[in-house]
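Right, I'll just put the structure down here and ask away after.
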Amino acid sequence: MLAAILAAGIAVGATYALIGITYNLMFSASRVMSFTAGQLGMVGGVLGALFIGRMGIPIIPGFVLALAGCAAIGVVTEFIAVRPVLKALDQHLYVLSTLGLALMIQQFTAIEWSTEPQPFPRLIGVVSGGPFDEKFWLPVVACAITVAGLEYLYRRTLVGRAFLAIAEDNFAARALGLPERNLRVASYALAGVVGGLAGFASGELLLAFFANGAMLNFLGFVPVALGGLGNNRGALIGGLALGIFQQAANFIVGGVFASVAVFTVFILVLLLRPQGLFGAPVARRV
Amino acid sequence: MILSRRTLAKGTIATAAAASIPAQVRAADAEPIRIGWLAALTGPLASPSIGFDRGVQWATNEINAKGGVRGRKIELVIRDTQGEPTKAVNATQEVISRHKVHAIWGPTNSGELLATTPIMARAKVPSLVAGVVNSLIDPVKFPNAFRVTPANSQWDEAVRNYAMKVVKAKKVAVFGDATGYGTAARDDSVAGFVKAGVEVVYSGIIDPALPDIMPEVLRMKNAGAEAIIPWTVSSGLAARLMNARAEANWNVPIVGHPVLGTGEIGKLVTKPENWDKVYIIGYKSCSFDATGKLPPRTQAFVDAVQGKMPLQDTSLWWVVSGVDSIRLIAEAVDKTGSSDADKIIAHWNTLKDWPGLYGTYSFSPTEHNGYKTEEIVMQRANSARDGAFALAPGYA
Amino acid sequence: MQRSLPYVALFGAAALLPFFSNDYWAVIGARAAVYWVLVGGLNLVVGFGGQLAIGYVALLTLGAYTASAMVARFGLDPFLAYGMAGVVGAGAGVIVGLPALRLRTFYFAMTTLGFATIVTQIALAWQSVTGGGIGIAGPELPQPLDSPWGFYLFALALAALVTWLSSNVAHSRFGRSLVAIRDAEVAAEAVGIAKPRLLSTVFLFSGACAGVAGGLFATLQTYITPDAFSFDLSVTFFIAILVGGRGSIMGPLIGNVLLTLLPEVAAPLVAWSTFLYAALLLAIVLAMPGGIAALLDFRNRRPLAANRSIVPRPERISGHGTARGDIVLKNVVLAFGGVRAIDGLDMTIRPGEVHGLIGPNGSGKTTTLNVISGYYAPQQGEAFLGTVALPHGNPQTRAALGIARTFQTPRLIGEASVLDNVTIGATIAGTAGFLETVFCLPRHRADEKRLAARAMDALATVGLDALADVRADRLQHSELRFMEIARALILNPAFILLDEPAAGLSSEEIARLGALIGAMAKQGIGILLVEHHADLIFDICDHVTVLNLGRELASGTPAEIRAHKEVVSAYLGG
């Protein structure tokens, strides 16, 4: 039983962490928190089920297509909901514009895809059943690859350093002649890929379901709040902790009180440590 | 098609009768019979309404094609409530006050019905209730409301009887999903089992969004449950239950809500056999017997609509229940010669064993639960054909 | 009076609806009215305060269950039950709103969603009170309010009441302060607005509105179950405000009516309604951030005179706050990370004296100003007013101590009028409490009159009185500089700290500014002038401090500074 709780907890935790990283990627490029982060996860699952399950495209091209679709949504987010409101960042209009776009994505999926959860195709099929089923370890592998890949990108590549420079200081980066706007678009595309990967890898676990967007939006934000904004490693730890806590709470106190417990802990943590358990940079105000 | 022939005969008589009354009265009578149909045609709760709607439309067209009722056509006033109580309240008042409907069918979800029933009662509009919540029917508070489906207590009883008498379970695991319906149904079910002397070894509320319910299933298994009684309308949760049961190598029967038998489940179970030993609440009228035959009345209906109406993606009982409801309203107008609310209500109060497609209905001034418990049966969840199901083991 | 005319017309027309219509419109109308009771209160939080509370359905749920349970379980009178719902809503409003004091917008929005989930789940679980999934009957009103039209008129009356109450708040120092913390939080602190207290009060009020709305909602629905309180409903409230336009009451009122009516008149679109709302929200944010209110704002579409000039009237400056002594900095050290922005600075600013502070970029001028006005807490040393140490990191205490300031980039409240932008400066001079304001009692009315007169006076002094009614974001840069000075002057401060007031001004304007500053000093106000325009500094300063790398390079009269060798070579460049 403990194995089952841990397996599911770590799997959903890895998914939440990936959505948390999606938030971070968008934030570090633009100082914007976007409500579309969770929807990207949902779309990743739905596109996977659509391409591979319904249209019968082989797994690898189907996977690439699903991620490409999510990357496109990431770029669209940047164009429609972020870029136009960046000049008035302090008015926080992005909260509204990304909320509007996220709701549009969700409603569109509900109407055009299905309001019922749809099956996600089985991808590998080596171990069937038990805590070592692929539906549990696929999100973990996806998360590990993402975290490692991002570390490599940031530390070893020029583009990655440029990302970091923008995250550190937007104006200075622009002054240095970095193509700030292109890097931002690239970041949003990357965020789309990571969010889509979260949904794709957890597709067998969460199914291709329109309501996953709102759920991931919230539960994927918790790791950001716990781990500190822009801190991917914090998001990883926060996500796993949340996943295990949620599954354990469901087991111990049941469905109704588990969600109360999750949300209460979230609000308390935010109030006690607004900068997250692992800290985040404090901005100068005047 | 016994019923339609009968209706046809009635229609002819009615037309003849109409011809003999003075023109002035006839003009007034030619006013259509307006039926408000409050359906959740879109949104997450749409499946039942889509099925009901096919029956409603079919019955309406059938009657109108034959000249209507006493020369009066039936006019449907359809409003999509999306299953939301707020929209249902608006729609109810709209069909009552703006369209002045003579009777209402729907809405179809418990949360909506709980809110709209008092409003319909206030306006004294005859209403047919397709919802299982027990408190919806109260001939004193809501003298206008008549239930044409079973009440939850009847569903509960059917499930309980099956678990006790056929499955012979001494210990059961009962759970609901974390929605209004799930929590309420679980409580009723647990109370019923306890009263009947069955040990409830697991009683839980499970979040329908929970991605893996293996821990819960193991808990049920370890507690020694001999049957699982799920109360959920979430196909995702239902399929996860079946998959987890298979993974746990646990060959325990699942007995419960009709949603366990919807086509969505077939897509979501990882192996087809995971769907075995799942028994759902169903109705005699919509069950195949051992030879694969439906009861004659329903068979005739299925034959009549074959090729004109899709049945494989819905539940037959939704469709025939829709047909019955329109016919119940039409017949009341026909019999009493009036679409006055009082007349329709008075007529329904006298119905005794009215033979519908879906069931045989009886109402009295003190009993507005019209569906007979003995017409409820259990069916095999994975046996759907044309929206009907095979009887579960244990029925001769 | 003129302000209330459109509202009187609107609600008057609504009251006539029963004569033209059937029960269906009574229900729709009542729904719009009930929602407005909530949205009207929420408007102060979202539209005025800029706090993005998207989960306000939590309070509606709470109010609905409180009122219903009071009647159904304890047999309370329905009107009392509404009252209880209001009280519970007010309390919960503060709890839901509290995170806004600590969290940034997106974080706060998420916590309100969290509350919405918690409340729904508790409603499901707490069966003995809420009925769990089966729900509970809403309060039934006695005759004649139990009929659709009876209830409609009752809800309409409450909606009108909420309109009046929220309008009283909106057009008071509380409402102006809300807009100030929304658009110019830093300036709000400088004029002494205490955000925690203000926001808690407003959350209390809007929570009470939402609670009462919940009770009315339960009556309208006749029966409530947890699934009646959907996230879509919450988003609708929120979108109604933004479609209506921030900082307006009429706009959101119209927005609320439109969003309630839209699904009724566009029945075939019902499946797409949430999608359309979302698209509407996006379109409004991108294309028309002012919403409906901006469409109705005819006055601000009239063009302003192109070649207007600012003519201050320094002679009007009269009186000033009594200084409690000099502002004295003693050995102040402040470092950001490893960089010492101020490194052991001593300085004294005296009443009636213009003290210039110059130095190259990054020498610590603005940082010094920020230490005095309380934004930064020095790691060593103290800033004193007279003999009393100024509290650290607590900028909202400075206004009461008679220290006003302006900012390097003008901190304007763009969507508010110039007059309001100035009146904000006198927020702490208001005497009426929140309750007096809500009910528009005499003390509040007297406050308003007095503050408006003082603001007009300050505007006349700086020469902007002709532009008093214009929205501040239509002003030219130079005008904004003078507007900020008016905002500083309105409190008759003992000290004014000016951060590069001449930046962006024409030479003519700089001369007028100099005269104005001189007149202020002559009246006894102590002035700290951070400036790059050496001419202005040497013209009007009584004392000049030159900073370099956070330390004093030189200090003395303008003449002494001009002769100072190091200054000349390092800074004056010649």
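In this document, chain identifiers A, B and C correspond to the written order of the chains, with residue numbering beginning at 1 in each.
In this section, a contact is a pair of C-beta atoms (placed from the backbone, for glycine too) under 8 Å apart; a residue touches a chain by one contact, two chains touch by 3 or more.
Being a predicted model, the structure only gives us computed values, none of them experimental.
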| item | value |
| --- | --- |
| Most remote chain, CA-based centroid, reference being chain A | B |
| Chain whose averaged C-alpha position falls nearest the assembly-wide average | A |
| Centre distance in Å when chain A and chain B are each reduced to the mean of their C-alpha atoms | 41 |
| Geometric centre distance via CA averages, chain C-chain B, whole Å | 54 |
| Centroid distance [mean C-alpha coordinates] between chain C and chain A, Å | 34 |
| Residues within chain B bordering two or more other chains | 42-43, 178, 183 |
| Chain A, residues touching no fewer than two other chains | 111, 256, 259 |
| Where chain C touches two or more other chains at once, by residue number | 121, 124-125, 271 |
| Complex interface listing, chain C residues touching chain B | 22-28, 31, 121, 124-125, 127, 132-135, 137, 148, 220-228, 230, 232-233, 263-264, 267, 270-271 |
| Interface residues, chain A side, partner chain C - complex | 33, 80-81, 84-85, 91-93, 95-97, 99-104, 107-108, 111, 214, 218, 221, 225, 256-257, 259-260, 263-264, 266-267, 270-271, 274, 284-286 |
| Sites on chain C touched by chain A in the complex | 50, 52, 54, 98-99, 102-107, 109-111, 113-115, 117-118, 121-122, 124-125, 183, 186, 231, 235, 242, 271-272, 274-275, 277-282, 285-286, 289, 336, 366, 370, 375-376, 407 |
| In the complex, chain A residues that touch chain B | 1, 4-5, 7-8, 11-12, 110-111, 115-119, 122, 128-130, 133, 135-136, 202, 205-207, 209, 211-212, 215, 247, 250-251, 254-256, 258-259 |
| Chain C contact footprint on chain B (complex, rising order) | 41-43, 79-80, 82, 84-87, 89-90, 93-94, 96-98, 110-111, 114-119, 123, 133, 135, 176, 178-185, 187 |
